[in-house]
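Take a look at the structures below.
Across the two complexes that follow, chain A remains constant while its partner is chain B and subsequently chain C.
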Partner chain A sequence: MQPKNLLFVIRHSSYGLFPGREILDAILAASAYGQNIQVLFMDEGIWQIKSDQQANLIAQKSVEKNLAAFEIYEIEELFVCERSALERGISADDISVDAQWLNTASIQALLSKQDQILSF
Partner chain B sequence: MIFSLAVYSSPSSTISYSAWQFAKSIQNSEHQLYRVFFYLEGVYNANQLMTPPTDELNMAKLWKELNAEKSTDLCVCVAAGIRRGVVDKAEAARHNLNAFNLAEGFEIVGLGQLLDASVKSDRLVTFG
Partner chain C sequence: MILHIINRSPFTTNHLKNCLEVISPEDALLFMDDGVYALQGDLLKTLPFKIHAIEMDLQARGLNDSNSSATLINYAQMVELVAKYPLSKTWF
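Take a look at the complex of A and B:
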């Protein structure tokens, strides 16, 4: 079967409604199936990749370790919604992963080439 | 068209009922519902111990009907389930728990089944 283009769209922060590590676990698990995986962080999801998270202060495990595993699992196509980051005062220096910044038009192009979108 | 649903919201959220209504509509149409995958807070939908007042929705029962009518896969992620105390008999034994609570009609599966659903379906619709 031809590999499919799957985009994970992360729109929730790490420690709010859903535990961020479970969202990232889903992406890591998906990487084992030979599909083309890309990840877009937007809206509150931007907070997942904020550097220097002090999750221990709220008795949580930081998601930074899970994010660091992306490279080992060969999940390397990461994207950040520029508008969401700007709205939250987050610049390229504030994020912990190597990601490409996309404007709205580029995000539309990214979405349109996917076979399936997995939204979290 | 083949559909699968991903449910991430708890059964007390109206989002879960929207997912169920959507699932039911697919079953009543010419389309096919391949799988409903419960993850994150969505795993609570499979808790057979939920006992809401009789004039309120019992999501575990509603999902079970869906499975009984058209044998749609109702899949609960094992890791998310164990974290939240939604386990079948085998998982309860593995973790030395003195009870299990997975409702009839549901099965415990790995996260890979979410990917399988997305690859084998024409549309994956997320509720949560």
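Take a look at the complex of A and C:
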């Protein structure tokens, strides 16, 4: 079977009502099946890649360990929605992963070239 | 004197905005859980109210109060704060 182009769109924060960490686990699981995986962080999803998270203080596990596993699983195509980051006062220095910043036009192009889009 | 509690991100909900429409000058704001994302950026900079935030919720999310717009408190201090105000209202 030909590998599919899968885009995971993450739009929720790490420790709110929505279980943000499970998204990252799902991405790792999908990568084990040899799919072409890309990940876009937008809207509240931007907070997941904020550096210096100390989630142990609120009795949670940090998402940063899951993010660090991306490299081992060869998930290297990570994208940040520029508009979402700017709205939240987040600059390239504030994020914990090596990601490419995309404007709206580039995000449109990214979305339209996928076989499947998985939204979380 | 009301303590208004915000526990959801102001970037995806209107809770903070709705709260600010009815808040009185003698009231105070408390940010906790994902509500602490309000401290990122300039959202709170010009507000004339007393503002409190749970410090651990900030640190957990990799944030700090760089604009020093809020008094950072722990959970014990939060209990004191809630007890101090005759009314509290959680916006959710």
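In this section, the second predicted complex is superposed on the first by the 120 of 120 C-alpha atoms of A that agree within 3 Å, B and C clash if a C-alpha of one lies under 4 Å from a C-alpha of the other, contacts with A are read in each partner's own complex, and residues count from 1 in each chain.
By definition in this document, contacts are C-beta pairs under 8 Å (C-beta built on N, C-alpha and C of every residue); 3 or more make two chains touch, one makes a residue touch a chain.
All figures in this text were calculated on a predicted structure; none of them were measured in a lab.
By the touch criterion defined above, A:6 lies against chain B but remains apart from chain C after alignment on the C-alpha atoms of chain A.
Using the contact criterion defined above for the overlaid structures, shared-chain residue A:60 touches chain C, although it does not reach chain B. After overlaying the two complexes on the shared chain, residue contacts for A:32 are found with chain B alone; chain C is out of touch. Of the two partner chains placed around the shared chain by superposition, chain B is the only one that A:118 touches, whereas chain C remains out of contact. Of the two partner chains placed around the shared chain by superposition, chain C is the only one that A:16 touches, whereas chain B remains out of contact. Overlap of the chain B and chain C interfaces on chain A: residues 17. Only residues 8-9, 11-12, 33-34, 37, 40-42, 56-57, 59-63 of chain C touch chain A when the two sit together in their complex.
Within the complex, the chain A residues that touch chain C are 13-17, 43-44, 47, 50-58, 60, 87-90, 94, 96. On chain B, the positions that touch chain A within their shared complex are 6, 8, 39-41, 79-80, 83, 110-112, 114-116, 118-119, 121, 123-124, 126, 128. Every residue of chain A that touches chain B in the complex is listed here, in rising order: 1, 4, 6, 17-19, 22-23, 25-26, 29-30, 32-33, 35, 116-120.
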